[in-house]
Amino acid sequence: MTDPMAPLVSLRNVEKRYGNGTLALTGMSLDIQAGEFVSLLGPSGCGKSTALRLVAGLGQPSSGQIVKPVKQKGESHPVSFVFQEPTLMPWASVTDNVWLPLRLEGMSKKLAQPRIDEALDMVGLSKFRTAYPRELSGGMKMRVSIARALVTRPKLLLMDEPFAALDEITRQKLNDDILRLWETHGWTVMFVTHSVFEATYMSSRVVVMAPRPGRVIADAPVPLPHPRSPDLRTDPVFTAVARDLSHALHETMDAQAIAAH
Amino acid sequence: MTDKSETAPVETPSLGAAIMMLLRMRGVMEVLVPLATLIVFLIAWDTTVRVNNIPPYILPRPWDVVTTFVTDWPILWDALQITLLITFSALLLAIVGGALTALLFAQSRWAEIALYPYAVVLQVTPIVAIAPLLIVYAPSTEAVLLICAFLVAFFPILSNTVQGLKSADHNLVDLFELYGASKSQQLRLLKIPTALPYFVAGLNIAGGLALIGSVVAEFTAGAAGSKAGLAFRILEAGRRLNIPRLFAALLLITLTGVAIFILTSFISKLLLRRWHESAMTRER
Amino acid sequence: QELTSVSFGTGWLAQAEQGGFYQALADGTYESFGLDVDIVMGGPQTPMMQRLAAGQIQFMQSSTLSNLDAVARGIPVVSVAAFMQKDPQALLAHPDKGFDDLGDLAGLPTLYLGGSGFDTFFQWMKGKYEGFSDAQYAPYTYNPAVFIADPDSGMQSYVTSEPFDIQNRTGWAPAVFLLADYGFGGYADEIVALQPLIDSDPDLVQRFVDASIIGWYNYMYGDPSAGNALIQQDNPEMTDEQIAFSRQQMLALDMVMWDAAIAGGLGCMDGGRIETFFNEMVAAGVMTADVDYASSFTTDFVCKNVGADLFPDAAAQ
Amino acid sequence: MTDKSETAPVETPSLGAAIMMLLRMRGVMEVLVPLATLIVFLIAWDTTVRVNNIPPYILPRPWDVVTTFVTDWPILWDALQITLLITFSALLLAIVGGALTALLFAQSRWAEIALYPYAVVLQVTPIVAIAPLLIVYAPSTEAVLLICAFLVAFFPILSNTVQGLKSADHNLVDLFELYGASKSQQLRLLKIPTALPYFVAGLNIAGGLALIGSVVAEFTAGAAGSKAGLAFRILEAGRRLNIPRLFAALLLITLTGVAIFILTSFISKLLLRRWHESAMTRER
Amino acid sequence: MTDPMAPLVSLRNVEKRYGNGTLALTGMSLDIQAGEFVSLLGPSGCGKSTALRLVAGLGQPSSGQIVKPVKQKGESHPVSFVFQEPTLMPWASVTDNVWLPLRLEGMSKKLAQPRIDEALDMVGLSKFRTAYPRELSGGMKMRVSIARALVTRPKLLLMDEPFAALDEITRQKLNDDILRLWETHGWTVMFVTHSVFEATYMSSRVVVMAPRPGRVIADAPVPLPHPRSPDLRTDPVFTAVARDLSHALHETMDAQAIAAH
């Protein structure tokens, strides 16, 4: 019964209009196969977060169809999400915030501790286990949020500008860490970023969206092998792909600027 | 893996969906469901009275109460007007007084330290006990009733608003401080909006309390005759063993209370609708 | 002629037990004595004694025990007339219990008593009879339903008031035990004033007392309709039947024309009775022996047979 | 431009600074300032009584009240214990009942629609009116008092907690939904923490209300003799014109109310101290 | 009396320890002359936000001295701050949020409207004047916050990672807009960013901070003329400066990594 080519995630002609009348997405179609690492690029306010939320099941499209992985009995939750804002519980310590997804699956803190520690270690916050969100810097909060998403080892990982608040060095380290996890665990990743370079460096495929109302206007595979290493950034193929994406982005925004006149 | 996937909304209208549609007509259901509960309750009441043969001067049957409600309407209506006047005056005073005092406390830490304990004192002073003392000096019975009802309704507004005024987001407080906001600007533009959800929660409580406050005050200090409110009618009916009227008056008080609650809830929604989580449906 | 304004505070909502005062107001008796009287209606918890002490009213309706209490607290109140020769306070029981003495009620598990009843005559009953105890006390909130619902209970009542409603609603008449019949000797329906007023304007007091006496004669033995109308105006809940019942009870039980009143006319008091009553209250622990009970009353204004001509003499009856 | 600049904290200890230091000792001031207010109030009271020559059976002098407080302590203490027992039992029931009902409403929209109006009904039903009816059927006087006090204290907890449970951050709700949180998990881990500040505001109100509720109930349905609470003593003192004792009993109720308030405020601080704006000092 | 060389902003040996014991800054010294455009670079959690908050007067140092501009009577407020988080009032529309600083100076909405419109225009949100914060995307919220800071025309502008949530095109546009404003109005700017390129492109001087406890470890002028144009990004001087800064950053972080072992 399983169709091996059926996509893990699929948006078919999706439209999303918010209650106040804003048309955030229209005619948005996108298929993602299991194991892909897809980056979403697009101008601010074009509907990237909206699309990710729909895939996560947080909201219904106004029309169109969405296919997404659903939780199987006995399995842990298949989708993790790093929201654009840290979205931490102010009353819970860093550890408890990261514990949350596992806790919701019924895992005791004791049992979860090694995984919490591992995740906090990866984002460099081991020393802040007992801190409360208000005691953290902006970047640190975001890293707690990333740790929380990684702790579940999800099938599908949704990340909404996870590294925007981080310095370049921490960012590169986490880029590589995520890539390594993706490679080892065979995850599927949807990744929103504003950095064309980051998108190119990370992804097996990059999707560019048009400004409001959002839809896909470019969809390009990144023909570079995995695993990737930092030297890649000087590879001519890398530069070419990045340049093309940058162009696509400029064009769609220029088109909008013209349309506005 | 994809067979585990879910296909979302291709609405095939089925009977189940139609029922759900109906159920979603919240406005209707919010009236129908409590009404159904009421009917169940009334039937239980009536059955109890019939089966146990309880005489009407102990517990009347619902229908008797309704009849009395209608026949005694002129008397009840006069009494209701008096009770309502006290209740709403007290509520208004409590809103104004409670909110202003809370603002004073927010503006001056010293005022809060010096006076908050006395606000508590006012709340816990049993009005029933002081009503007789007040009568001696108050200009009129109405004034006594008003003071008593006010005292009961005042504290929830004050206490909730104080809590709300303290709950302003520290980041926004920083922002205001940065731009040199005066204390009164901070209050007006930041603390008051933050306090609104707390204030309306207090209002919901105070509405009912103003009503019982005025009823209890009337019980101990109420006027008789043409100035008699609902509480006096209840006492009178009790003494005269006119229990159906007693229940009719109780019913009227209760309905008034529910009406006040609906009113205050509506005001809450109105005030918070644009932005507060409690009044917004989550955008899906 | 210039009228003197005075206020008279009653102890309860307008009812037949205050008929004489309303009658005097209604038929112009007060006016003819040069008085412009304002009857201030009392009710549960109305602090009439404080208002008297504060000078807001000049006269009030009271009873012997309250006067003694006030004197004990240093309020210079003086009783100047007493219309109820028998305190209308009674206890009720269910008729099918077969009780025939007040003491029998000691066997009931529950007695619904007002707070003031508990403070006073119940203390006196405890001393007089075996078996009454504080555990029987349950608060009476002036709603007789509690008593009706519970056959094993007794209830405090005005002999002139509650029995009427109970019989009306239930069809059975409760057994009534009038405390006065068992020796509870205080007066009720007294007029009291403050000593300073008596000292400064005895004439005003005398006029008020005299007019009230005439009012009472007219109300009890003449045509009470003017007084009743005024009662019903102040207290619209008061039905004709209830008023008629109360007045009938007062007549039937000789509540106003008894004891000292027979010789001295309505309103007359017997100082000896007050002394006896005081001593009984001291014995019951209701008050202390050092209270100057003698200052709580004066018979200077009564027992002069004012208005006695309005009483239909024995022959005429 | 730099001469317009400000040089920050090179603390030169001056007299002004020393005074400010003292004033900053909040713990001390929070007691001293209300105490000073109290003393001013007492002096005003005493002067009024003396100057106007008000007799003690109208308004006793403060010192008389204190003396009575001491001499009548055995009686008052017994009464206080009874009132406290009712108050705290009612408060406890209200906390448990109010919070549980609020949780029920949060879990089931239907329960809320069907039952919330009846919670309002319970609040606005004048307990003084139904106390006599309750007496007939309740197992004991204490039970009646408890029910009455409970009814008064219940609603503020319920209403505030309901409002709080609805105020959960929508982003966090999304997060919980995403990770497949069950309704009970959402409740436990998200809505309850969010509702805490509202709950404690309700608690502050309910504390005082439980006290007046039990006093008012005692007024209408209280026991006498050895089971008499403070309200009975007040009534008795009023009837016997023992005004100093009446004031002493009132004072005791008031002090109890303030003590309850301090207790509930302390619990609030304890519950919120780690994270809520209202209980935290802003980090500067 | 005025010393023309006295700095507009000065931190002298500042230490900041938070209530929970975290030492955020220690021995931090930095002088900024009026008219400078200073960027702060540093790893996440190193105390950049803390430093900016101290300069803004939002908090007291535990020790050390701070000099900052103070408000003169009749003048509008001298300091504006773009916080790291949007910090919008949820109950106010976009217009009202931007109006706030002017409103606090007593300016009516009518009078302020042209300046509000101008600021919203600059951040591309003219169409969202009446929207409420919850109806905006993450980047849009941040842009409202930027508009709010610009509307006062401050003497000293503090910006804490203002563009982190924006796509590169919007970001470049705003980079240039801010630079233009700075040049025309003679503002002084303290700018926190994680992008070495952005720092180099914008600033007249870049300061690099060491990880917790924060202090200055590199302080380099950017020897490039103003006004700057996008072509600069290929200038060899530009590249060299950016590389040096990147190095400084790597070194301080490596030092920490070693210290941690």
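Going in written order, the chains are labelled A, B, C, D and E, and every chain counts its residues from 1.
Note that a contact is a pair of C-beta atoms (placed from the backbone, for glycine too) under 8 Å apart; a residue touches a chain by one contact, two chains touch by 3 or more.
On a predicted model such as this, the values are computed, not experimentally measured, just so you know.
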| item | value |
| --- | --- |
| Required steps from chain C to chain D (each step between touching chains, minimum) | 1 |
| Touching chain D and also chain E, the following chains | A, B |
| Intercentroid distance (Cα basis), chain E paired with chain B, Å | 49 |
| Centre-to-centre distance between chain C and chain B (centres being mean Cα positions), rounded to whole Å | 42 |
| Whole-Å gap between the CA centroids of chain B and chain D | 18 |
| Junction residues of chain D - those touching two or more other chains | 58, 132-133, 136, 169-170, 220, 235, 238, 276, 283 |
| Residues of chain A engaged with two or more neighbouring chains | 18, 58, 85, 134 |
| Touching two or more other chains - residues of chain C | 47, 50, 54, 141, 143, 145, 149 |
| Residue numbers on chain C that touch chain D, as the complex places them | 47, 49-50, 53-54, 69-70, 72-75, 113, 115-116, 118-119, 134-135, 137-139, 141, 143, 145-146, 149-150 |
| Chain D contact footprint on chain A (complex, rising order) | 53, 56-58, 71, 77, 79-81, 83, 85, 87, 89-92, 100-101, 103-105, 132, 134, 152 |
| Sites on chain C touched by chain B in the complex | 13-14, 41, 43-47, 50-51, 54, 56, 141-145, 148-149, 162, 165-166, 168-170, 233-237 |
| Contacting residues of chain B [partner chain D, same complex] | 29-30, 33-34, 36-37, 58-59, 110, 113-118, 120-121, 123-130, 132, 136, 152, 155-156, 159-160, 163, 166-170, 173-174, 197-198, 200-202, 204-205, 208-209, 211-212, 215-216, 219-220, 231, 234-235, 238, 246, 250, 253-254, 256-258, 260-261, 276-278, 280, 282-283 |
| Residue ranges of chain B in contact with chain E within the complex | 169, 171-172, 174-182, 185, 189-190, 193, 196, 274-276, 283 |
